[in-house]
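Once you scroll down, you'll see the structures, which are given as structure tokens.
Here chain A shows up in two complexes: once beside chain B, once beside chain C.
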Partner chain A sequence: MVAWIFILPTILLLLAINIFPLIWAIVLSFTNYRANQPGREVKWVGTRNYERLLSSEDIWGYLQATAHFVCWSMFFQVLLGFGLALLINRQFKGHATWTTLILLPMMLSPAVVGTFWTYIYQPQAGIFNYIINFFIDAGTFSMIGEVALAPWAIVMVDTWMWTPYVMLICLAGPRSIPDYLYEAAEVDRASKLRQFWSITLPMVLPFLMLAVLFRGIENFKMFDMVVELTSGGPGSTTELASINLKREAFEKWRTGYSSAFAILLFLTVFGLGNIYVKFLNKVKER
Partner chain B sequence: MSGQEQQEARPGLRRWFRRGPWEMAATALIGLGVFMLMQPFSLWLFSNSFAVILVGTLSFVIVSHFPED
Partner chain C sequence: MKAFTTAVAAGVLAVAASAGTAQAQDKELTLCWAAWDPANALAELSKDFTAESGIEMNFEFVPWTNFADRMLNELNSGGKLCDLMIGDSQWIGGGATYGHYVRLNDFFDANDISMDDFLPATVYAYSTWPKGAPEYWALPAMGDALGWVYRKDWFARPELQEEFKSTYGYDLAPPENWNQLMDIGKFFQGREIDGKTVYGMAIYTERGSEGITMGATSALYPWGFEYQNPDKPYDMQGYVNSPAAVEALEFYKELYECCSPPGHSDSYMVANLDVYKSGQVAMQMNWFAFFPGIAKDEDVGGDKSGFFVNPSQKIAASTLGGQGISVVSYSDKQDMALEYIKWFANPEVQKKWWSLGGYSCHVAVLDDPNFASTAPFAADFLKAMSGVKDFWQEPTYAELLQSMQKRIHDYVVADQGTAQEALDKLVDDWTIVFEDDGKL
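Right, the complex of A and B next:
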């Protein structure tokens, strides 16, 4: 009984800020409710919101843009983050200073990062164009203004910002590997490549998967940095699912429809989270 | 009693409803649903993705309560 009294505030808080909004969003997704017209009669529309959502080519496009962003940014972050973790793990002179410097981007606010990268990408005065033109004669181009380049521009900024985070998680892996494993491998005359595949990679894999889980879910919900950087443009090239969700909910005020969209995204993240946790547990058991 | 004998002696329902294979099937269903949701090839696949993810996720929640083996 005493235990229940102690955990009751937490349970009430969870019910109020997690469970109730979720159930309310599910209920709203079956109605034509508009939050800007509270006096309007709310009608039960059944699965109509879901039908419209899942037959819309626009929504399909936003989800493809999201997939491009999530897949490529995770690919680069894992590749670079893992590489940096192996490098920093070598404990060279000044590695602590380098670690701090590398970690700086992830300590910044995504809105700030989005804003200053718009200046870096600026076609006339931005340093990005200057550096590219220093090496190749690319002329004046806008990373965030051209349809072919804008999706890569947001991938690049997200990679710049969150690679240190992946590195930090991965760093725990190599540091937990006892030296005698490598010594035994040396005795067996295993090559460096063989040592990497048979010792380093399997030991780091749980940490890598954890990083992929965290970044995958976060990138699927990405909003602030991309809004500051491109506002979803040019056209709707970089309009990710979460950006469109905000537009539907708070610009067009189609609350019922946007609730259905939110449930779709929630279910996807929840399902993916389940898969990752399952595989993470399996890898840990090995 | 050896492991194999234990397996044979297990009641019918417990033998069929083991977590491992069912969880794997639910996981595959979720993965398929997410692919269908974000693939650039067919609107029909996109339209049916929600149902596949929903069935996969609900099944996962249910089968994760099945006995281990």
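Right, the complex of A and C next:
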């Protein structure tokens, strides 16, 4: 009984700020409710919002843009983050200074990062185009204004910003591997490559998978940086699901429809996250 | 005893001071508008109101990119931040229907403020809802339309004049139609001027708020674009996606591809001003509201810049900008806010408003025989305002606008599909909006 008294405030808080809004959003998703028209009659529309969502070509476009962004940014961040972690782990002279410098981008605000990368990508005066043209004659091109380049432009910026975060998580891996494992491998005359595949990678894998989980969830929700960089354009090329959701909910005020979209996104992230966590637990048990 | 007396005196003083502060707070108003040059002019003008009435004026100016988001949220949530709102013309339907704005008819009647004293196009666009009905929700405050600015000094160069005439067969001068506009754009695109590569023109392509819609409609309207069947409201099929509309949209896309600077794919007012002022383009489209600033600019002002009204094609037409001033119904200071509107409607105040850089809609200013000579863009402003057309002003305007932003940007900038497909999809989107709103 005493225990219940102690945890009751937490339970009430969770119910108020997590469970109730979720249930309320589910209810709204079956209505034509608009938050900017409080006096309007709210009608029960059944599954109409879900039908419109699932039959909309545009929605699939936003989900594809999101999938492209999430998958590629995670791929590059894990690759580079892991590589940097292995390098920094070598404890070379000045490695502490380098670690601090590498960590700087993730300490900035995403909105600030998005804004200043628009200047870096500026076709006439931006340093990015200058560097590319220094090596190859690419001419004047716009990273955030061309359909083929814009999806990669946002992946690049996100990778620049969040690779240090992945590195930080991965760094815990190599540092947790006892030296005697490598010494035993040396005695067995295992090559460096063999040591990497048989010792380093398996020991670091749970940390890597954790980084993938964190970044995956974060990137699925990505909003501010991409809005500042491209506003979802050109056209809808970089209009991620979260950007479209905000437009539907707070610019068009289609509260019922956007609630349905939010529920579908929640189910997607929740489902994928659960499958992934089960897989992660299996890896850790090995 | 002495200490007690001192304490009582201090207490009395404190109460008196706080009462004074409360009174001062009661005698102040907050006016909400976008952050741009005319807003600064209004702040300057409003000092006269404070001097006359003793009412302090506070201003909440929000950058254009966030203006609609921020202020519509304020209105939708019944916020008391703004006593006076200079809201965009398209907000009038929602402002009236959802009860955000105070109906002004009785106030106008009681104070001899006649809507006949204002340019009819501005009364229709900024004040009335339902459209054209004598139901007034705002006083026309800031007339505006989309116009064009060009580098007069470049146009005047003899070698360029000669080359242009030999290429196109007519004089290099402000264009009279969109074909000429494109010719001039192509002529300047990629040209070296004073050792610098310049481009044809800066047009609106912004995706997030309203930019590309305002830009594309400045082409659609001269091609005779209609939002709906004039005899059957909300009947859009064959109007929004008419052959003329398709042609106009294709033209706008071609203009973007042939004649705008590289990377000009998400640009609105400020971006256009920037590329123009930095000498990168020969022409820019922008709101007349910015023209006083351009005329005075150190780098491109004076004789270096000229102005022209939106070119005609099948008809003469310009995209409407501008705003009316409304009293917010959630304000506790409606009487003082109405006092401000009464003061603002005064012809003498309106004349000073124009002289400071605001665009008055009052006939006392616009019908003055000398008006056209008061500024290098004044005559074009009058011409533009005689043929303005606005976007939907329906309560659901934000939804209608976002759909158009997407469809037009997808086609013009992202090169997806055809103009016909873009406009067909737009009709589908708008049909759903009006169905959901019970209009269809």
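Odds and ends about this structure:
Definition applied: the second predicted complex is superposed on the first by the 286 of 286 C-alpha atoms of A that agree within 3 Å, B and C clash if a C-alpha of one lies under 4 Å from a C-alpha of the other, contacts with A are read in each partner's own complex, and residues count from 1 in each chain.
We adopt the following convention: contacts are C-beta pairs under 8 Å (C-beta built on N, C-alpha and C of every residue); 3 or more make two chains touch, one makes a residue touch a chain.
Not measured: the values here are computed from a predicted model.
Once the two complexes are overlaid on the shared chain, A:272 sits against chain B while remaining clear of chain C. Put simply, more of the residues of chain A are touched by C, taking chain B and chain C as the two choices. Contacts of A:264 after superposition on the shared chain: chain B is touched, whereas chain C is not. Within the superposed three-chain model, A:60 lies in touch with chain B and out of touch with chain C [touch as defined at top].
By the touch criterion defined above, A:251 lies against chain C but remains apart from chain B after alignment on the C-alpha atoms of chain A. Look at A:50: by the touch rule set out above, it reaches chain B but stays clear of chain C.
Comparing the two complexes, no residue of chain A contacts chain B in one case and chain C in the other.
On the side of chain B, the complex with chain A involves touching residues 23, 27, 30-31, 33-34, 37-40, 43, 46-50, 53-54, 56-57, 60-61, 64. Put simply, chain C touches chain A in their complex at residues 69, 72-73, 76, 94, 98-99, 206-208, 261-266, 280, 395, 398-399, 402, 406, 409-411, 413-416, 436.
Touching chain C in their complex are the following residues of chain A: 32, 35-37, 39, 58, 121-124, 140-142, 144-147, 227, 230-237, 247, 250-254.
Considering their complex, residues 50, 54-55, 57, 60, 63-64, 66-67, 264, 267-268, 270-272, 274-275, 278 of chain A touch chain B.
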